[in-house]
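Two complexes, one shared chain (chain A), two partners (chain B, chain C).
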Partner chain A sequence: MRATWIIFRREVSAYFSSPLAYLIAFAFLLMTGIIFNNDLARSITVKSVDPSLIPDFLSLLMVLFAPLFTMRLLSEESREGTLELLLTAPVPDYSIVFGKFLSAWFYYSFLLGLTLFYQIILVNIGYPDFVHTTASYLGIWLYGGATLAVGLMFSALTENQIIAAFLSTITLFILWIGDLAGDIVASIDLARVIRNLTLQGHYSTSFAVGIIRLGDVVYYSGMIVIMLFLTIQFVESRRW
Partner chain B sequence: MLNRGGNIVITRGTLGTTGSFIAGTGLIVGILSILWGSGFSIFTGFAFVISLTGLGIWITMTPDDFKNFIMGRQAKRGTVAVFSTLLIVGIIAMLYIFVMRTGATIDMTQGERFTLSPETLDVIGAVNRSIEARIRITGFYAPRQLRLQEVDNQYWQLYDDATDKITLEYINPLTEPAKAAPYQAYLAQGINVFVAFEREDGEVIFQSTIPVAGTNIQERDMTEAITRLLLRGRFKVYFETGLDTLSAGDDSAEGSSIINSLLRTNGIETDLLNLEQLATSGNSIPVDASAIIFARPQRQLTQAEIDVIDEYVQRGGALFIFSDVILTSDSFLQEESMFNNYLWETFGLRGLDYVVIDEASSQETSTDLVSAAVYPGNPVGMNLNVENDPQSTTLFRLARPIEVDETPPVNNGSVILTSPFSWAENDIDRLIRDNSWEYNEGEDIQGPITTVAWANDQETGSKLVLVGDTDFITNGRILSPQGNSILFFDSIGWMTGFTEEVSFEPQILATGLPIIFIDVQTIDLIAFTTIILMPGIMLVFAIAIWGRRLR
Partner chain C sequence: MIEVTNLKKQYGSHMAVDGVSFEAKQGEILGLLGPNGAGKTTTMRVLTGFMPPTSGTASVAGFDVMNDSMEVRRRVGYLPEKVPVYPDMTLFNYVAFVAKLHNVKNHKQKVEAVLDRFDLLDRRDKLVRSLSKGLKQRLGLAQALVHDPPVIVLDEPTIGIDPKQVIEVRDIVKSLRNDHTVLFSSHILTEVEQVCDRVVIINKGKVVAQGTASDLSKQFMPQRQLYIELDGGNQEAYQRLLRSLDMIEKIEPQGRGFILHIPSDDALQKPITRVIANSDFTLIEMRQLDVSLEDVFLDIINKGEQ
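And now, the complex of A and B:
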C-alpha cells in the first residue's frame, strides 16, 4: 500500500505540474460550460432543468478524454526506459498499476468536482432534483473509472502514446456506441447481450434516469478490476 | 527477405512465422464466423482448414519455435496469465449475473418516480382482491426500442413484483408478427404497451385489451389502464338510434365512430338503443345504461318516448344531449316542444331557437364559437380553456343557446359561455339566406350566452349535459381542437361516475419539479462564470506552468 501511495502521489504531482493537464481541464470545462448554458437557456420558463445533463454529456466526452488522461502513464515510462527502473525497484507490479490508475481517477474526480459548481448555480436559481443528480454523478464517476482503466491497459500495451490513445479511443467508442446495438441488430436478445457488455448500456437507463442498480455498480467495478488485472499482466510480461 | 544482392530469400524461419500467422488468423476468423452466424458454416470450415494448413507449415518449417510456443517459459507464464484472467472474468461475470437477478435498486429521484405511489398500491390491492382478475402487461418493443424497453421495464417490473396476479410479457413485433398483428392499429400510432385480462390457461383475452398511453409518465399511464380494465363492464353508454341520430358506426367525417371507439378503448362499453322501439313495445331503457347519448336527433319526441326517458331519469339515469337549430316544423328540441318543456321542468335547462353570434371569441366567422369562458367548478369544464394551451378550448359551428333556469328544480349551471361581445340572433332566416347578422335590441339576447350546461338531481341521482352544438362530436371535429374531445369525455366521465373511479394523482405529478425563472443579467453572469471564467483560470494555470518551465 505504501508503494501504491508513493506512486499515486508522484503521478498526481506530475498531473498538476503539467500544462497539458490544465489545458485538458480548460477544454473540459469549456465544453461542459457551453452544454450547461445551452440547456439553461432552453429551460427558462419552459421546463425544469435536466438533473443529469452534465453526467450524460461526460459519458460521451470520456470516450475522447480518458485516453488523454492515461495515454502517457505507462507508455511514456516504457519509451523512456524508466519502467525498467521501476520494475527493478522493490515495488510490486500491482502497486505501479494501482498508483497510476488511482492518480488518473483522482484527476478525473477533480474535474468532475469542478462541474459541481453548475449544481450550486442551479440550487440558487431553481429547484434541481439533487438526489437524481447525485445518482448521475456517482454513475459517471464509476463510468469514468472504467474508461480510465481501459485507457491504462492500452498504455501498458505499447510504447507509443498516440497508438495507446488511438486504440483506447476506438475501444471506448465501441463500448459507448454498443448501447445502440438495437438499431443495427435484428435479434433483440443479441442486442441486449451486446448492450449489457457496454459502458453506456449500464449508465443511460439507470444512473441517468435517477436509479442506482447494484448490478451496474458491480459491472463498472468489475470492468475496472479486469482491466487493471490485464494491465498488471502486461506489465509483468516484461519480466518473462 | 532480400539478401545483399537484392534477391528474395525465403528461409524456413520466414515460412514458419508466416504459417503461425495464418494459423492464428484462420482460427480467429473461424471462431468469429461461428459467433456471427450462430453456427458452423462452409466459411467456418474453410477458415479452419486454412488455420490447420498454417499450423502444418509452422510445425514443419520451425518445429523448435512451435515447441517453445506451447511448452516454453513464455508459454507457461502466458497460459497462467490467460487462465487467471479468464478466472477473474468468470468470477466477476457470475457476481454480476447474481446481483442483476436480485434486482437490487435504489430509487434516487426526488419524487420517488421508480417507487409505486399509494394510489397505485390501492389499485393493485383491488387486483388482489378480485377473485378472477389476472392481468397481463404486454409490451411490443422492436430491437431499436431496446433502451425505451429498459426504462419502461423498470416501471412495469414494479407491478409484476407487487402481485402474482400481474404478469409481464415482451414481444418483438419483427420476429413475432403474428402476435403483433391484432395490435397493429395501435402500434402504428406509437402505442406499444397493453393490459388485458388473462385466462387460467395463460391466454390473453384480446377483447379486454386496454392500450396504455405513452406520455412518459409511466406509472400514471399504467395504473389508469389497469383501473379501466378493472372497471370494464361497469359502465355502459348507449347511443340512441331511433331519432335518425349520428351513427356511432359511421367512419366518415360526419359519423361519430371515433367517440364510440375511444369510449371502448377507455373501458366503457357502448351499445345502441332505439327509443322509438322501446316506446312502441312498452319496454324500458336497460338498467345497465350509465348514460344515453342523443347525438343530433332529427325529429321531436313523442309523449311515449318522453315517458320512457322520464322513467329512466327517475331511477337516476344520465342524458347527454346534442342539439342544433334546425328550421323544420318537427325539429328536435324546438323551444315549445314537449321534450324541451320536459327538460326545463325537470332540470331547469332548455334549448332556445336562436343562433349564437360572437364577435370577439370566434374563428373564421362569428358563428364559429371558441369557448370564451368556462365555469371550472363542475368536472365537465375543469380541463377546458387551460392557460397557455389553445388546444384546450372547444370550437362549435353554428351553435344554439341554452337557457339556464335561475330558480331551478335541481342543481344546474353553465359550463361554457360566449364572450360579452356576443348575442343570440333571432333572425335565423336572414342568417341562413344572406349569411349576415346584426344585433337588434329587444329581439336578440345580449351575451354572454350559455352553449353548454349541466344539471344534477341529487335526489334521484339523474344527470343531464345539454350542448347547443352537434358538429363537435363528429369524426371530422372531435379531435380538432382537443377541447372538443375533452368536453365530451369529461362529460361522460362525470355523468357515469367513471372519472371519480379512474382519476388519481400519481407521485410524479405531485412532486414535479417547477420550471425556472431568471432574468437576463443573471443568465449573462452565469454564462460568463461558466464559459469564460472557470475555463479561463485553467488556461492561465497552463500558461503559467508552461512559462515557468521555459525559464
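And now, the complex of A and C:
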C-alpha cells in the first residue's frame, strides 16, 4: 500500500506537471461545454434537459481518450529504462500497477469533476433530476475506470506508446460498438450475451437512464480487476 | 557479500549466462569485465532481483535472489547501463522518489546529503531533462546510494560520457571502497585495472579468468617482453646476433629496435647484455615492456574463440 501511494503521487504529479494535462482538460471542457450549451438551448423550447447528457457523451469520448491518458504509463517506463528502477526497488509489482491505475483514474475523476459545473448551472436555473444525474455520473466513473484499465494493460504490453494507444483504442471501440453485432444475429439469447459483454450494454440502458444495477457495477469492476491482473502479468513477464 | 554459483540464464534458446561463479567480499570492488554481449548485464540483473536465474544460485548479503528478493533489493543500489531517470522530475524529487521506494527514514536530509556528495545540490530544483549526460550519470549514482546500501551494482557507469566525467565517476567508485561492496562492469580494461580490487573476466556467458589484475597478467602472460635498441650495425646483423640466444622465443622488429619475447621465469637480461657486450654493437636502450590487462584480455578472448 505504501508503495502504491508513492507511485500514485508521482504519477499524479506527472499528469499535472505536464502542459498536455491542462490542454486535455481545456479540450474536455470545450467539448462538453458545446454539448451542454446545445442541450440547454434546445431545452428552452423543444425538450427538457438531459440529466445524463455529459456522461452519455463521455461514454464515447473515453473510447478515444482513455488510451491517451494511459498509453504513457508503462510503455514509457519500459522504453526509458525506469521500469528497471521500479522492478529492482523493494516494492511488489502489483503496487506499481495499482499506483499507476489509480493515478489515471484520479486524473479522469478530476476531469469528470470539472463537468459538475454544468450541474451547478442547471440547479440555478431549473429543477434537474438529481438521482438520474448521480446514477449516470457513477456509471460513467466506473465505465471510465474500466476503459483506463484496458489502456493500462496495452501500455504494459509494448514499449511503443503509439502502438499501445492504437491497440487500446481498437479494443475499446469494439467493446463500445459491439452491441451492434447483436442486431444481426438471429438468436435473441446470443444477442443478449453479446450485449452483456459490451461497455455500452452495461451503461446505456441502466446508468444512463438513472438505474444502478449490481450486475453493471460488477461488470465494470470485474473488467478493472481482470485488466489489472493481466497488466501485472505483463509487467512480471519483463523479468523472464 | 555477493556470491554467485553456477549461474545460468537462458533467453529462449540463447544462453546469455552459462555457469558463472564468483564472489565479492565485504568492502571490495569487483570488476566484471567482458566484451559487449558477454552476459555482464544479465548477471547484474539477476543480482539486483530484476530477473530470476534459469538455474544456479546468487545471493547478496546472505539472501538468495530468488527466495528473498525483497531483502536483496533492499540491500542493493543499482545503476543500470541506461540511467533510469524521469526527465520531467526535478533532481530532488527524483532522488526523493527513489528514497521513498526504499523506505528511507528522514528522506529529505538523506536526499540532500547525497545530492551534496555528488555536487548536485545547487541544481536540486532543475528538471532532470536539463542535465548533461555526465551529470545524469552522477544523478544515477546518487539514486543508487541514497538508501546507503551495503552492495552497489554499477552497469558500465562510464559509457558514453566525456573523459573528464569518466575520471570523476571512477573516483566516486573508488571512494565507495570499504563502506560498500561494489560490482562494477566495464569493457574497458584500463578502467577495471585502475578501479577494481579484483576482476572477473567473462566471455560468451562463461567466466574465463578471475583474480587481481597482476595475478591475471602473471597467469595468462607467461612471456615477458623486452624492448632493445642497438647501434653500430644493420638490422639483419642484430637479428643474427639475437637469434644466437635460443631462450628468445620471438623477435619482432619495432621502430629502430626489437621486441624480444622471453619466458618470464628466466633471468635473461644478463646473458643478453653479455652477448651484446661481446659483439661489435652498442646497447642504446633495453627496457621491459609492461604487459597490460588489455593484452591478457584480448589473449583470453581470442583463445576462447579459436
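Note that the second predicted complex is superposed on the first by the 239 of 240 C-alpha atoms of A that agree within 3 Å, B and C clash if a C-alpha of one lies under 4 Å from a C-alpha of the other, contacts with A are read in each partner's own complex, and residues count from 1 in each chain.
Rule of thumb we're sticking to: contacts are C-beta pairs under 8 Å (C-beta built on N, C-alpha and C of every residue); 3 or more make two chains touch, one makes a residue touch a chain.
For clarity, every value in this text was computed on a predicted model and none was experimentally measured.
On the superposed chain A, the two partners chain B and chain C both fit, without a clash. Once the two complexes are laid over each other on the shared chain, residue contacts for A:S187 go to chain B alone; chain C is not touched. Contacts of A:R10 after superposition: chain C is touched, whereas chain B is not reached.
Judged by the touch definition given at the top, the superposed model places A:S18 against both chain B and chain C. When the two complexes are superposed, the chain touching more residues of chain A, out of chain B and chain C, is B.
Legend: residue contacts after superposition of the two complexes on their common chain; A:G81 is shown touching chain C, with no touch to chain B. After overlaying the two complexes on the shared chain, residue contacts for A:V49 are found with chain B alone; chain C is out of touch. Once the two complexes are overlaid on the shared chain, A:A89 sits against chain C while remaining clear of chain B.
In the superposed model, the angle subtended at the C-alpha centre of chain A by the C-alpha centres of chain B and chain C comes to 160 degrees, rounded to the nearest 10.
Shortest separation of chain B and chain C in the overlay equals 7 Å (C-alpha atoms, whole Å). 17-18, 240 are the residues of chain A that lie in the contact sets of both chain B and chain C, per the superposition on chain A.
The part of chain A that touches chain B in the complex is made up of residues 17-23, 25-27, 29-30, 33-34, 36-37, 40-41, 43-49, 114, 117-118, 121, 125-132, 134-135, 179-183, 185-188, 191-192, 195, 204-205, 209-215, 218-219, 222, 225-226, 229-230, 233, 236-237, 240. Residues of chain B touching chain A in their complex: 73-74, 77-78, 81, 84-85, 88-89, 92-93, 95-96, 99-100, 102-111, 113-114, 141-147, 150-151, 154, 172, 174-175, 512-518, 522-523, 526-527, 529-531, 534-536, 538-539, 541-543, 545-546, 549.
The part of chain A that touches chain C in the complex is made up of residues 2-3, 6, 10, 13-14, 17-18, 80-91, 239-240. Within the complex formed with chain A, the residues of chain C that make contact are 45, 48-52, 70, 73-74, 76, 78, 80, 82-89, 93, 97-98, 100-103, 143.
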